[in-house]
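The same subunit A turns up in both complexes below, where it pairs with subunit B and then with subunit C.
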Partner chain A sequence: MAAPKATAVPRAPKAREPAEELDMLVGEVRTTLLQNSHRVGATTVAALLDIVPGGRVRSATRPVAHAFSPDVRVGVHCPLATISGTRADGAGTAVARASVTGGTVLQASTRARLTRAAGERRLPWSHYVANPGIIEVAGRTDADDLAAGFLTTQTRASLDLGAVSSRLLSRVQRRPGIDRVTSLRARRTQLRFAVTWRSSDSAVLPQLLGAQRRISDFPSVPTGSAESFHRNSEPAASVSPVSVEFTIQDETLRTLRLRLGRCDPSDVVAACEDLALHDWLLSTVESLLDNSRIGVDSAQEVVRRFRPVIDHLLHLWMPGARVTEELAEVWAALERRPGFSREWSSLVGRIRDQLALAGLESSSSLSALARVAGVCQAGAEEDSVGA
Partner chain B sequence: MPGSAVFRETSAVERTVEVPLAHLSVELGHFYPEDLAGGAGVLAEHFRRIAPWVDRPRLGSLAGGAGGAARAGRAPRVSTCLLVDDYSDQGKMPPPAAVVPQLLAAARAQDIVIDYIARESACAAAENVPLARIVEGALVADPPYGANGSRPTLNETGWLCNGARSPSTTGTRAMGVAEPWQPPTENGSRRHSVFLDVELWSEHRGHHAWSCAFLAAVWQLLRLGLLRAGGETVVRPVTVDPADLPDRWADFPSIGRLTPAPAPFCAYRTFSVLDTGYLPVEHAVRVILGQVGVDSAALSATERRAGAEGIALPPEPADRLSYFFLGR
Partner chain C sequence: MIIFATSDKGGTGRSVTSCNVAYRRAMQGSDVCYLDFDFGSPTAGAIFGVEAAGQGTATGGGLHEYLAGRTAEVDQLDVWGQSELGGPRARPLGAGRLTLLPGDSGGGEFPVDATMARRCSDLFLRLDEEFELTLVDLSAGRSYATELVLRATADPALAEKTARWLVFHRWTRQHIVAAAGLVFGPHGILETGMDRGHRRRELEDTIRFVRTAVLEPDSPQLAVLRAEQSVWLQSYNTDLQKLAAKLRLGRSVMLGSIPLDPVLQWREQIIVEDDISTTRIANEETGQAFEDLAKRLTDDSAWEGL
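So, the complex of A and B:
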């Protein structure tokens, strides 16, 4: 925790807007395909992620192989975007890590907690280094202003955690041990998140009560193209501890605004990485299906095109597998709407239909079909277990 | 009521071991080959001069104020150590069998106990753990205003400073108009700067040589018990029998223990008694320590444990160092 040392006297708070407590979490996850012609084994993954001397790569094997690098710290001192245009500066460190799931999907996430600086004056750097992952905010702004600014109105000069994640992805992709050949086309996706905490005694923002569907809380969001899914986890009558707003801003950028009960920020980051992974799986498979010329080319040709999806991606669908109990509600809300697993099942169904068609087209390859269909069926079963 | 299950994989859990901690680690000196070539007289003079400043009551006052051990009537845990430079002029340092007995005798003559003797080369790499690389990898350079994460931090290779360097004065713009000179600035300075640029290492004939200042920073972090490799401790003192000393420093432990049951090598705070000539080196140490992102778990463990002993420990490692500089 930051133990702010005041060296300058903060300006007397104006009666209209007192300098309230600030504690929020912002970050950005970038997700892409690990550039290798086949699934990468655990030893190679550990070597790829060993990017900090003296650090320790952590890994889990269940329910799906997952490993992540030690944290990398990055110093920043820059303006912070606000939706109101209020000037705010941040100084401190952000923390980034890379992870590989199933030996196939590479992610990098960068996060920072934003807290109120004790004064306007920047402290000696040693203060910020001793508080990793905390950026202290100077300026008369509040959490909602900063969250909306971070999610939607970043400028060239403002805090850019996505760039840190992006550099980390590239750094891992350049390491020895992988052949940089990919079997399918996949975009890098970005999930930008901003999280505030609801203490039990604080009032829930009135506009969120009863909101089942909203385009957006943020006036600047281009509502024309952005799809937004907003859920309070409970109906209007009770005060919910959780609200989730997931917005697809464009083909690659998604934003996630969370209002949560008190929980461990590192668990929230893990949940955001998990969500980013599944969103990437959906986007990637959907885009591949869209471009697979279903109904134009022969089913066999189509199946040949998305064979890598069957080989590498289908079994990775395990929503919420690495999410703690407290945050399961976030997944549950997103499963109700937009219904990630529903969409995934539909995609898997389309793949299965093409496999069946391919089988009909070529009776000579019936045995091969049975094999591949078996893989697909297994994927669908995992899906229902994970959901 | 649904049953609850706990599932975890140990390889997935963060783990940082804790190390034994004294209240104060006292450095009695830093010895170069030439210090030891001067014979018993030079060493005797060194320990005679420092003796009044390292007596137990004085050290007790540095160990954490009036709290904890002192109030409880217990003596504070103080360990003493010194550093032998077998790194910068490898081969020039006389062998342990010659040096160690001299050091022990000179200290004993002033009633000073030497608990630990460490080798400077162990600060570069000890038992296959590349300590200096680990610390270099943990550097988070002090960013100038405008650093928003979009570009990698511009580090002059092998150099670390406490502010913004003066723009290059050798380059000229097109048209041959020289850029006017701009001063360097110290980040966070009050009004005027004390700008310091520290060389961390150099390459000489393919040999990567760490600077004295950088190894001194590693040495302070070792003594503060803040270094870990893969979450494991890197401080493992080995008992040394003064009657059976090796002929080569490479065969001497990284940290040799010379007394039977001393206070732990690592401590909440460090105190170094040094020749004033080390002042710039230690300034550099403070600049480096101010930019090292130490293991969070190790750092918070020291604060927590000191707190449990009634000692308020400053959160920043550099603030845990005390010095006594002696002129010649």
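So, the complex of A and C:
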């Protein structure tokens, strides 16, 4: 049964003329394995991510090595997908960054804040360049319409932040400093997110993503037919209600619809990157285990197949490591359903079981060998005695 | 690993063999993607039985559109899910992924520029992240597609990636001569490759030949031949072997030989196990030849320098 909707606040009047305020964050994270035969050191990572002249690569070493590039700006002028089919056009810039976690996992995320354009006419580019990360929307549409459209009904012509992320991944993968020897095959995954803010308190920290704006409350949107997990927190007087809808659309695409209280958009982006990383770890390890013929081949053979997971990925599981207190509720919701850590420990359990089995197999074959060797030796001794 | 499939003449069975090899390889457990670089007539969709891309895709997301810079991403079609190959639209147990990157319907050949070569090498690098085998079916003859991939593989970013070539030819005098010309002749693969920054010797070591529609003189199919026919065939076959050896297409550089099978002449599709053992419309030897060829693609002993 669905949790009680936390959208009890009455909506603004239906009239969309003049258009209601708009302030939302959309983005897409793509995650893949950094193409190197082994874990890449911090210095090399810093060089890999140094993709903007004069920009600064930021890094942290705890709890796991993590570094991200300066922002790359991308000019955008294209239609925006809407679920209702209402026409909407966007003009402005998106910002993208690449990051490397544990010297092993490469991510690129592109994000933009959507705000209402002052008029229907496109302004000179200087106006948009002065507001990096802001796309101004012209058209009679609202945030829910745009969010649902962005998450599920993108076309080739509409705003595609994933393509920007994908190009950025490719750009990093071909930089000098890595040998491009693949230690394990893994699919790129995509996490698309759309965020609106519930309270009338606007999102803070304007310098990263743009000017402070008022936002309004939005009702929930229907989710697709794909596997989806949502959770609305109980409405409480003092806490901003949070709603999280995480949907696995297909083998590689996941969508995340967030309705949050007051928080910093850059924290939201970091949380989405963290979620994408862990979702990628789950998907990658799961598909490797699925294809390692557990129960068919010998455990030693099976272990040989998923050995790269043990060498490169297992230690990277640190859910919520880069998520701020304000957004802890988002992770908590995802831990309840679908239960990321639960799934992970089940996978790790299977790996450990196979390792234990492989150990048993080898020790039993060793003892068999020892027995044979013992017999031979005994035989040899007999021979020598006989001689 | 990237495998390029090419032929000098059309009608060699290059596409149908490549598709069958991709299918076998996926059945053996590898993750395989198949790129239809035959821009003029993309038919891989039809061979795999993927209706959505029978003659290339119409979504605007095919390889031709990607290389021309008109779409950021190429459609990736899951062959297991979109055809009846693996049973009822599902991946068979133990099989790897089998993904088709289709051409565009109504595409065509186009001149190559540096941006396009860069897009092409980006695509190869990207696919290599997730697929053990990237099989690229080029169009017949000295095509723009061939020049494009020679430029792309000369990209220093691909230096660590293994790329290998399969040149398909039928077992006839004209086909042998034409295949030799395609590799060793003027504006052939080696010459174009050198122009694009490849080293001749190294490139030559990555090229192997696949004979198609071969009638082996000792084949049971030939039991019905008259004695005169049989004798003639035997001696003609010896002549062809001499010719092939002289033109540097001898057995040492032959990776596979696909026997003549009526079902492949009439129905250019994947031969599945049922075709061999249940309906028995295909010969067992044909299936075995595909199976062996699929294994040899990555068997380094078959690719040692000569």
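As a working rule, the second predicted complex is superposed on the first by the 313 of 387 C-alpha atoms of A that agree within 3 Å, B and C clash if a C-alpha of one lies under 4 Å from a C-alpha of the other, contacts with A are read in each partner's own complex, and residues count from 1 in each chain.
The working rule: a contact is a pair of C-beta atoms (placed from the backbone, for glycine too) under 8 Å apart; a residue touches a chain by one contact, two chains touch by 3 or more.
Quick caveat: nothing in here was measured; it's all calculated off a predicted structure.
In this superposed model built on subunit A, subunit B and subunit C occupy separate space and fit side by side. Ranking subunit B and subunit C by residues of subunit A touched puts B first. In the superposition on chain A, A:Pro124 makes contact with subunit B only, not with subunit C. Of the two partner chains placed around the shared chain by superposition, subunit B is the only one that A:Ala60 touches, whereas subunit C remains out of contact. Of the two partner chains placed by superposition, subunit B and subunit C are both touched by A:Ala163. In the superposition on chain A, A:Arg185 contacts subunit C only, with no contact to subunit B.
Once the two complexes are laid over each other on the shared chain, residue contacts for A:Gln300 go to neither subunit B nor subunit C. Applying the stated contact rule after C-alpha superposition, one finds that A:Arg174 touches subunit C and leaves subunit B untouched. After overlaying the two complexes on the shared chain, residue contacts for A:Thr153 are found with neither subunit B nor subunit C. Minimum Cα separation between subunit B and subunit C in the superposed model: 5 Å.
The interface of subunit A with subunit B overlaps its interface with subunit C at residues 156, 160, 163, 167. By the touch criterion given at the top, residues 3, 52-56, 58-62, 66, 73-79, 93-94, 110, 122-127, 129-132, 156-161, 163-164, 167 of subunit A touch subunit B in their complex. Here subunit C touches subunit A in the complex through residues 29, 31, 59-61, 71-73, 94, 96, 121-122, 125-126, 128-132, 157-161, going by the rule given at the top. Chain contact summary for the complex, subunit B toward subunit A: residues 7, 9, 11-15, 129-130, 133-134, 136-138, 140-153, 162, 187-188, 227-231, 289-294, 296, 299, 315-319. Of all residues in subunit A, only 32-33, 35, 156, 160, 162-163, 166-167, 169-170, 173-174, 179-182, 185-188, 291, 293, 296 touch subunit C in the complex they form.
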